[in-house]
Structures are given as C-alpha cells and as structure tokens.
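In structure tokens below, several structures.
In the two assemblies presented below, chain A is common to both, partnered first by chain B and then by chain C.
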Partner chain A sequence: MKFSSKQWLDSLPDPQGLLEEVQRHGRKSLITLGLPTKSSEGWRLTDLDRLRALFDLPVYSGNQTQNSESDHFRNRNIWPSTSSKGFRLVVDSAHELIDSATVPEGFTFLTHEELSQVLGRTLHKCECNSEWAVEVNQASATKILALRINGRVPPLELIMPACPNEFSATRVLLILEEEADLELLQMVLGAGCSAQSHVLEIYLGNGASLRHGWVALGGGEASLLGHLTVEQEPESDYRLTTIHQGWSLCRVEPRLVQLHGQAYTSINGLQVTKGSEQAATHTYVRFDGPEGSLDQLNKSVAANRSHSIFNGSISVPRVAQKTNASQLSRNLLLSGNACIDTKPELEIVADDVKCQHGATVSQLQQDELFYMRSRGIKLQEATELLLEGYCREIVSLLPLDIARWDLLNYLLATFHE
Partner chain B sequence: MSTQETVDKYVTKPYKYGFVTDIETERISKGLSEDVIRLISAKKNEPEFLLDFRLRAYRHWLKMNEPDWADLGYKAIDYQDIVYYSAPKQTQKKTSLDEVDPKLLDTFDKLGIPLSEQKRLTNVAVDAVFDSVSIATTYKEKLAEHGVIFCSISEAVEQYPELVQKYIGTVVPLNDNFFATLNSAVFSDGSFVFIPKGVSCPMELSSYFRINSGDIGQFERTLIIAEEGSSVSYLEGCTAPMFDTNTLHAAVVELVALDDACIKYSTVQNWYSGNEEGVGGIYNFVTKRGQCRGARSKISWSQVETGSAITWKYPSCVLQGADSIGEFYSVALTNNLQLADTGTKMIHVGPRTRSTIVSKGISAGRSKNSYRGLVQIGANASGARNYSQCDSMLIGDQAAANTYPYIRSRQMQSSIEHEASTCRISEEQLFYLQSRGIGTEEAISIMVSGFCRDVFNQLPMEFAAEADKLLALKLEGSVG
Partner chain C sequence: MIRSDSSLILEIHDLHARVEDQEILHGLNLKIREGEIHAIMGRNGSGKSTLAKVIAGHPSYIVTSGKVVFQGRNLLDLEPEERARSGVFLGFQYPVEIPGVSNLEFLRVATNARREHLGHEELDTFAFEDLVRDKLKVVQMDPAFLERSVNEGFSGGEKKRNEILQMALLEPMVSILDETDSGLDIDALRVVASGVNQLARPDNATLLITHYQRLLNEITPDFVHVMAAGRILRTGGSELALELEKSGYDWIDQASEMRD
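Presenting the complex of A and B:
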C-alpha cells in the first residue's frame, strides 16, 4: 500500500534549512514504505486506524504560537519553575535551537559541519534509520537541538510541548564526550487533539554517564511516536527511565547498542493506560562487544478498555561473550476489558553469557490486599497503596529533579477518574 | 583436551537410522493436482465426504501463500516435485504379521521397534507407518476387548466413517495454515485412536513413522479422541534414511478430550537432520493441536526433538472446558546446521484453566534453536493460570538460542508467569565432575541429562530411557 496520506506529504513545506537533505530522504522513503500493516510483526498490535488519523492533522506551520506551557499541566498546577541548579530548554517546532539560547559551561551547540557528520549515525547503528516512524519524523522535523557535553554539567530539562490540533516533530542529538556526566529530564506533554513525533540520538563516549528521564504525559486525544536511540562506548553508564501516561496512541521505541560491550545499561519503564488508550514500548538492545550488562524492568498498568503492549528484544551476537542481561516485564490488569500483550525476546549466539528474562501478568495480589484489609485498611485505600508502591519503584529511578513535578500523585490520579 | 574440543567431538555422531530398505513400492508419479487427490482417495477406498474434504482443502491451499515469518530461510519447496503416495507393494493389509514382508519387519527391527510376536514383550501396542501407509498394528484384539479402537486412519475411514467424519478437521480446520491445508488435501496414513467413555487404555499406544523414499512427502494424520472419563498415553517415533535431498514431512495431529478425559502425547522425533554441511534432511512442518473440550480434561504434550533439518512445530492446547489443563514439556536438540523453531500455544478459553510449559533447548554446532510460544488468556478465562519456563543450553560459540514468548491477557482474574534463562557447559562444572573420577563424556552426558530432567520425567517409562539414550547418542563421541 502506498502512503495513504499523500496530502499530508504534499502539505509539508518545501525542504529547507539544516535538515533539508533529511527531509527529502524521509519523504522519499515514506512514499515507498507506505503505511505499516498488520502483517508486519512490529505493527501487528498497533491500532492502525489511530495511526492513520495522525496524518489528518496539519503539520505545524509556524503561524500559531505554541504554548510553552501545556494547558493540561497548567490546570493541574504542577508546572514547576526551573530548578536553581539546572536549566531548561523548550524543544518544539517554533524555536530555533541552534546558536540561540545561552547554555551553561560544558554544553556547546554543534556546528552545522559537525552536525552533518554525525546526524543519523546512531539511528543507523540502532538499525532504525529506515523505520517508518523515523522516516515520518525525518520527513517533517524542521528544527534540531544538537549539543555536545563535556565534563560534569548541570541537569538539563527539555520540555517538549504539543501544539494543539497540529502534528509536530522534533529531533534531538546529544554527544557526551569522554567522562561527561549529565542528568537529563525530558517532559513530553500532549494536549488536546495533537500528535508528536520525536527522534533522539545519544552518543556516550568512554566512561560517560547519563541518567535519562523520559516522562511523556498525554491528555485528550494526543498521540506520540518516539524513537530514543543510544550508542554506548565501553565504561559508559546509561540509565533510562521512561513514563508513559494518558496517550490515545503512544508508541515509543528505546533502541540501544553497546558498541564494544563493557558498558552498563539500565532501562526501566512504566506505562499507565486507561479509557481506550493504547500504549506500546518496543525496546531493542544489542551488544557488539563482550562484558556488557543490562538491567531492564518494564511495568504496565492497564485499566478500563485500554491496551498495553511491551516488546523487548535483546540480541547477544557471538562477539558478546560474558554479557550479563536481564529483562523483566511485569503487568497489572485492573479491568476485565483491558488487554496486555507482552513479548520479551532473547536472541543469543555467544555461549558464555548470563541472560534471563521473565514476564508476569496478573491483577493486584489478593493476599496483599487481604493483609492490609485485615489491619483495618479499606479496600480502596489498600488498592491505592499497592498501586503507589508498584509505580514508585519506577518513578523513584527518575533523575532527582523530577521531585519538583509531583509525578507520582499525578500518575495515581489516573486511577481515581 | 579443552572443553570445546571435547564437546565438538561429543556432538558429532553419525545418524544410525540412515539406511534405505530396498523394497518394491507402489507409488504414483510426482506432482499435485485434483486428479492426484482423487487417485489417493480412490486407492484408499474413501467415502465421498473425505474426498470432498480433501478437494476443499486443496482448492483453499491453491490460494494460500507459503509462510515466511519464521525466518527459516530454506530453499523453496517445489510441490510438483514430490511423490504424494508411496506404499510397499502389498496392498492388502495383512491379518497376521507372519504375512508381512520380512524386509519390512527387518526394517522396524533395525529401528528397535518390536513388531514380531516374539519381541512383543513390552506392554506397548504399535502402529507402524512406512512411507504413506500403515503396515501393521499390534495388540489390536486385546485393545478391542476394552472397546479401544487403535488402527491406521485409513482403516478407521473404512470401518468407523461416522467417527472420522464427526471429528476430523474440527481441531485443525482444513484452512488452518499452509502446511496443515496441504496435509488435509493429501494426507496418506497415520493413527486413529478412540477411547470410549470411562475406559483407561490398558497399555501404551505407539506409532512409528518411517520415511523410506527420498522424494516422497510424508503427510500423516493422527486423530485421537478420548471420551468422557477416559485416558490414554500415546507415543510417536520417527526416522528416515539419509538422502542429500530434502524431504517434506507435513503432519497434522488432532486430539479431542471430553469431560474428565486425559490424553498424554509423547514424541521422540529423530528424522534425518542432514549432514554437517546442512545437505539433505527432513523439513518437519507439523501442526499438532489438542482441544480440551470437556470440563476437567487434560492434554499433555511431551516431545524430544533431535532430528530434522528444519523443525517447525507448535503443539498447542485449546483449553475450552472449565478447569481443563494443558501441559507442554519439550527438549529440542540441534546440531550442525539444523534449525528448530518450536514451542507451544496455550489458548485459555474456559474458566480456571491451567497450563504449564517447560521447554529446554540445546544448541550445538552452527544450529539455531528457537522457542516460540503463545500464552493467551481470553476474556472468559477467569482464574486461569499459566507458568512457563524456557531454558537454553549453548554448546560452542556459533550456535544460536532464541526465545520468543508471546503473552496476551484479557482477563484480570488470571495470572501468567514466564521465565527464561541460558546456560552452558562450563569448564568449572566439567572440572568438578572430572575431579570426582567421572570421565569427560559421561560428565557432559550427566549435565545434559540433568538439564533435561524436568522433561524426561514426563515421558512414559519406555520412552524416557530411549530419549536419554538418544540424546547421549546425538552427543556421543569417541572419548572413553
């Protein structure tokens, strides 16, 4: 099938600016790729009607001023001010991000020349440079934030707000030089009927360390497509924590390659769905060298008629001897109409490795509820306590700056509505 | 000697069942068409309904595409280059074994299958299938005393057409998948088992499948029906000679368990797996499915998969009856360039249904061994439970072990647990056993055997010993 939203492609402004080549490439690929179909394994479970609907939205034109604060959040009064020690950038289609903002010491914007050399390299390493969702981003993204990080730097907060009733796309590239140390918190905020596409490329040099929080809070009919791609050199330490809540359609794909092994990776995710939402996390981790390690935990909570999907793939080729990888998928069903799909995959060729995965799907443990009720705690309260504990395990792994956002209570409020 | 060398030596052992029996056969010419199907049907004196079943399947098959999702990467099969019917020349089924061609008896003797009277000491009834037809079924009379029907499916079609018509294609519909549909169109022989209400089958039933010709496809079809409160244990074994061409084996097995019935189905599959370079061997594309239709019924699959160039097999349980139980115990060993993509499907439909999956994969050489399984809990399966465990053992650094569990739940009052791990035969473990005076070869054997014990414990006694021996054979070397 050819790309059905030909009009969508036609509606895009002519390729221009820094990303001109990328845009041309993306548009060309989309015409050949067409829309994903159920017959492709990776899209089998995705609600394709909702995916198609994304392309009925006009692409951000620049005429409308984008709210840097999402209405959604303002109402709840939990939009905090920038912390004193860190700094905040708003990443959207409206702001030109290169050469503009003043940034603290240790951060430098990549020059155009540097950018042309490294852009797309991580996508390629992570084998997703021609993935459909990436091409959608490449075809439409007009702005890019590209930063080089040296040494130990203050926490960075990236706010990625939606543009109501429009489709917006952003691209971010971060290069952490040797021994660099960064805490990054990304807040992706959906609002109204909007769609967002984000592609992120991160390179961690030898001994670099990145604590990465990705918090995506939707609202209304908002949809999100995201690719988080990461390359790790030896001795680097990458800890990703993702939170997804409130998206009509959400599909986020963290993809990571340990270039020469010998690095540490942790990926922890929580997705909370209610109503008729669909949330999907597709992770992929490959070890291209020995002695790498991975700890992965993905949790989901599905209420009402929602659908929660997890697909975790770990690839351990022959060169990756002494890899130590573990992956756990834990799922809670809170309603008789909700649906959970989980598929933790292992592909191993090296023989001297420790790899394990596990998956559970259940409701809240009856004996735990009973324990609390027998101590006089009401059912409702006991349920909330258990859910709080369940979510806190992931939320507490986010960079410390998240404390200002009161995220846990925000997530738990999902279950009250 | 390093572990690697020992292991390499240990895992290469010639295929012992690779001989060809030189026997006159009656066969039809190569190719597939409606006429071929009519011919097969006529040769077997089939009633109208079955010919109709075959033709409907064939017409549907023509519209289907060969699946490619399993990423098996085999050479395209030319379906017109296969002989769909081949039988040893003795069309009349013999009443006594004395009349069976001694060459055939010898063949099965060589394979260790006791067909002749003096050897039939073990309490196992055997149905032996040679290429397309069943040549002998033992202990039929004794079984008949209990009302148990155990015969080839061709005989069943002649003698109990109403039973066959009632159940065939009800578990694996004729349009189920590419290979099952092909089987529905051209199936030749296989076993038929019917256990009447309340009867516990007095002995183990067993089928032995032998492919003898190089260009024949074996399409056997097995149907087992256990009525209310009955139980049966059925074993299946397979071998084939060594040819440098690939032979297609596309079987369909259907099990039906009514209220309180219990079926235990065990397989030891040792088809020829091709040589070290991956030339020749059987393509084993099999559809096996059991339906727990009745309340409290139970279907248990256990399998030891050691042969075939490519195995593609997912014995499944559809758990419809309330409180029904599905089990799957599997050991899959791959060596050289073998590919095995095997696992199970547990479809929980009824309330309080339970399933257990234990899968052990051993990959050696340059082989690829994948577990692919589905656990699905439907909206009405309240109180359903599943437990899965998939362990892989890697021998050498060129073998691949993959795990692809698909888990889907739509029922909050249910629980699914899945775990998977990988391990290898490590230097330390070998050293530990050797330092206690155990030879290298035996030490490896002990470790492999221990790794598979959970599954072997589930096999019937006679088979457990055979399976252990088989694994040892496959891994045996010249040390000691």
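Presenting the complex of A and C:
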C-alpha cells in the first residue's frame, strides 16, 4: 500500500450516513494516490513532513472543544455577537444535526435527494474532485451543511472551530439561485495542535451575488487544508476575500469557473506568516465563455523564517474572447530569512482578451518610512502604521462588520511576538 | 524679518555630505536666525535638495564632516524622528504616497509626537479633528482629503497643500520647503505661499528652496543664497533673486573659471 498513513485511514469510523459513498470513494482514492511528493509541481514547495503529521491526529472523537482560552478566536464563550443583520451557524464535526438549525427566510436545507444530485458537481467543474486534499476531506468528513438561497437574504456567518489535538473535516455546499444575494463570512479557527480540512462548493445562478469572506486563523501548531470551489453563471458577481494567519501549515485553494463567461469575479487575499510557518494560496480561475472579468490581488507578509507561497493560475480558452483579467501579487519580506514564492500562471488561447499580471517582492519602502520619521513618528510606529495600511487594504473588504472580531489588531499583533 | 537681537536657530558649519559614493556638499555654511526667511536658489544638481535631506536626516545621505547645530544641539546626533519632534520640518519636493495609511491618522500621530516633545497633552481623535479642521483653513484644503490614504491619488497641488497642513499642525521652529512651488498652478501657488506666510512667526524660521522668482513674489525672503557645487557662492537680499531671474547662472561659470 502506497499510503503511508494507513493507520489513520483504518482509524476512521466505518463509512455511514449521507456521505457514505463519498467516504468510500475518498478512502479508496487515497490508497491509490498515496501522499503527494515533491516531484508533483503543485506540491513541490509544500513542507511534506508537516503534511504527513496531519495523520498523527485522530479524527474527531466526540470530545467537546476546550473553552478555557482567553483568546476570543479560540474560546466560543467569548465570540463577538453576530452582526445585527445576520445569523450564525457553527460548522464542526461535533454538530450532529446541522440541518436542524433554524435559518431565516430565503435559506432552505437541501434534501438528501437534491444533495445526491449536486454534491461534487462544482468540484468536478473546477477540476479538483480527484485532488489529494479533496480526497482527504471526502474520506473523513461526516457532516455537510447544504443550503439553497433565494432572493436577498440576511448575511450568514459560518464558524468552523478546531478540535484541539484532533483532525476535523467539514463540507459546505451553497446554491445561490438566480438573482440571490448573500454576504457570507467564514471564520476558520485553529487551535493548539489540530488539523482541519474544509471543502466548499458554491454555485451562483444567473445574476446572483455573493460577497464572501474567508478568515482562517491558526494558532499553535494547527494545520489547514481548504478547497473553495465556485461555479458562476452569467451576470453573477462573486467577491472573495481571504485571510490566512498563524498556521504551521496552511494550503488553501480557491478554484473558480465562469461557466459561460459574462460574470464578474474578484479575489483578494492576505497571508501573514511568522516563525517557521508555511502558508500557500493556490488559485485557479477558468473562463468557459466570453466577456468574463477578474480582478485579483494577493498580498503576503512574511516574517522570521516563514515561507509564503502564491500560485495564481488563470485559464482563458478560445471560447473566452473579450475576457478582462488582472492579477497582482504583492509580497512583503520582513526578514532576510523569510521566503516568498510567487508564480502567476496564465494560459491564454483566446486572441481578443485583456489579461495582465504582476508580482512584486519587497521590504518596507524606505521612502515611506523616512517620510513618516521626518514627521516625528518613531521607526517602530512608522513600521506598524505601514503594516497596518498594508493589511487594511484587504481586511476592509471583508463582509459582515468584521470589526466585531478586531481582526486587524490581531493580525498586527503577529509582528510584536 | 531681520532683527539684530534674534537668536540663532540653525547653524551649518563647513558641511560635507555624500550620497552613495558621490560627494554633493563641499563645505556649506549657513546661519538662520529666528524670524528670518531664507531662500536658496541654484542650478539643478547644485546640492539644494541634498542639503534639505541632510538636515532632515535622510539615511541615504552621509555627513562626512561639518556641523549642524539646531537650537544649541548637534542635529546630526539625532534620528530623523527626533529632529522632527524637536522642531525641524522638511516639506518634500515629492511627497510620498502611503497606501492604506489614513491621512487623518497619520497627521494625528505626527502631531502628537511633536506635542509630546513640547510637553503638551496628547490629542484624542475628537480633539484632533477639531484642530485639523481649523488648520485646513490655512491651505484652503477640502476635509475629504483627511479621509484618504496619505497623499494617495492627490494631485501635485493637493500634495503640497498637505505638506503645508502638516507644517501648520507641527508648528516647527525651522521649516525647509524643498521646491514647494514645483508643479503648482498660479492659484495653488498663491494658496500655498499664503499658508507659509501665515505660519511665519518672529520665533521661527523658513528656508525656501526654489528655482523661481514666482514663489519669492509671494513670500519675500530676507536672504537669498545661491548654491553651486555643494556650497553657497553668494548671499544677498531679495533683489538677488530678481537679478538671477534676469541674468541666469552663467556668472557662476565665469566665477569658477576665474577661481581656476
């Protein structure tokens, strides 16, 4: 058997419930796939020892999450209250009956029959249904939150807390019907030595609109694998903002397809790393029709000996004439020992398109620092102001009154440690 | 305003400085007293802007010898922020854009840094907003610029107004304005010059660096200095600027030839 963590697979509960078939498929695939290796381009830069260590953790066993920590991201007793207009759902392995939650008008849970028809479709469209990290999720996830959204609905906050010392997996599927309008904030909260795997599938019907925030905050030795997959019909508007901070190992892959073009997509990301952390964002956007638009900005800040990776893939096949896509990767190195790998990957076959990309890796701008110092602002404070400004550009795009979580100060505290 | 009894604010003695491997200042001497307005003119590359940056403490400029004494202290011993806190202000020729940093917050932090040095109480957000709105009048600046990132997307004129706004808030003892008139249309020039005039007091001093008489039509200097090859070649009153406007700088070459 190629898979080196057979014990982990054997430790999983027997396939059962709604995801029984998916679990069987995932486990079988993992045995065939084995662990990723450096010879695979997509995993070349990943710290495989840390990846392997994911399987030292047992899958959720039913213990309640510890709530003794003072940090409001780790302790659910002191989570800030939900945005006044919105509502909150907690998605973790501990919630047995997620489809029994009360949801506002405009949200309906998918029936088992509906789910069996659509589950995995977006993964397939985004060409990642057989990806190793997806199969890990499919092998282990036992719960799924699946919602259909109609009309303009209240904002939704999904919290995905970690189970300390355990591996947890969640799966979410959202179908936004024609003209539906949603603001979604996902808070993925790691803790201690834990690992999480999340797979998200989103379908946006014609004219649907989704402003989507994904905030993943690690802590300790936590690890994260995430696949955010999105299908967009024409005239839909999808705006994703991602924040990654504090993971020993973090690999998140937003993958998106404009099914017939003529849609708008924006992806803005920020990853902050320190110590010996490694964070990777791999995005993939494909236009399967004409006149689609993409605005993408990925930022990173790497301190100490940390490693930040961005891989931005854009595919513009012949059918995607008049595509207008722009991708910018901006990276800030705070230490000579930190490492940044950034790679734009544009595959353009259509000949009447406007696609631009750029990547910068720099230290804090000396002219900006001097300008501030020449106004009496101390070097340390000037540095903090610059970092705050750098992070704010992305944080300010998050939906659902993110100030409730005091996220910006939390991110900036990273640099004081 | 020249007063025989006024105190010396800034004294530069035999200043030599370089950037990278190139020596730019070659023994510059200058004395500025309270209440005075000085103008430094000269060709491109004569060292005017270098002098401004050396006084402000730009880390790329290395002083190789000489002294700069500000209110009795050796300015060259101080970090750039300490110079600013103690009352030295540099108005930038090209004010820097700082994306993501709110102009209002930047101004507040800078103002409080200066106030701390002066032993004044720190201003909270509300008190500062009152102060800054009052100071906006000095340069007729739209309050909307406070909400934007520092200088980001500002026109040339707006950036220069923002510089003078900072000068108004920081109340420096000596202000060095590096080509504040560059990139300004006539109306903006008048507004900026009017701001500088309003801020000139008997107990502070201003050093204008400029190429053009048009700024000096609005701000009358007490002294005009002509710089060439990293030192001051000639000093006169405001009439010297008029003479330069007429005759240019060719006489500098003749003077050099005669010296050689």
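Heads up, the rule we're going with is that the second predicted complex is superposed on the first by the 397 of 417 C-alpha atoms of A that agree within 3 Å, B and C clash if a C-alpha of one lies under 4 Å from a C-alpha of the other, contacts with A are read in each partner's own complex, and residues count from 1 in each chain.
Here is the rule we go by: a residue touches a chain if its C-beta (ideal position, glycine included) is under 8 Å from a C-beta of that chain, and two chains touch if they have at least 3 such contacts.
None of the values given here were measured: they were computed from a predicted structure.
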item	value
Chain A as common anchor, with chain B and chain C clashing or fitting	fit
Which of chain B and chain C A:Ala280 touches, first, second, both or neither	neither
Partner chain in contact with A:Ala359 - chain B first, chain C second, else both or neither	first
Which superposed partner A:Tyr390 touches (first chain B, second chain C, both, neither)	second
Touching partner for A:Leu110 - first (chain B), second (chain C), both, neither	neither
Partner chain in contact with A:Asn331 - chain B first, chain C second, else both or neither	first
Partner chain in contact with A:Leu346 - chain B first, chain C second, else both or neither	first
Broader residue contact with chain A after superposition on the shared chain, chain B or chain C	B
First, second, both or neither for A:Glu368, with chain B first and chain C second	second
Contacts of A:Gly376 with chain B and chain C, given as first, second, both or neither	second
Smallest separation of CA atoms, chain C relative to chain B, angstrom	13
Contact residues of chain A, present in both the chain B and the chain C interface	none
In the complex with chain C, residue positions of chain A that touch it	365-368, 370-379, 381-382, 385-386, 388-393
Residue numbers on chain B that touch chain A, as the complex places them	69, 377, 379, 392, 394-422, 424, 426
Interfacial residue positions of chain A with respect to chain B in the complex	41, 318, 321, 331, 333-363
Chain A-facing residues of chain C, complex	56-60, 79-81, 83-85, 89-90, 92, 95-96, 98-102, 105-106, 109-110, 113-114, 117, 149-150, 166, 170
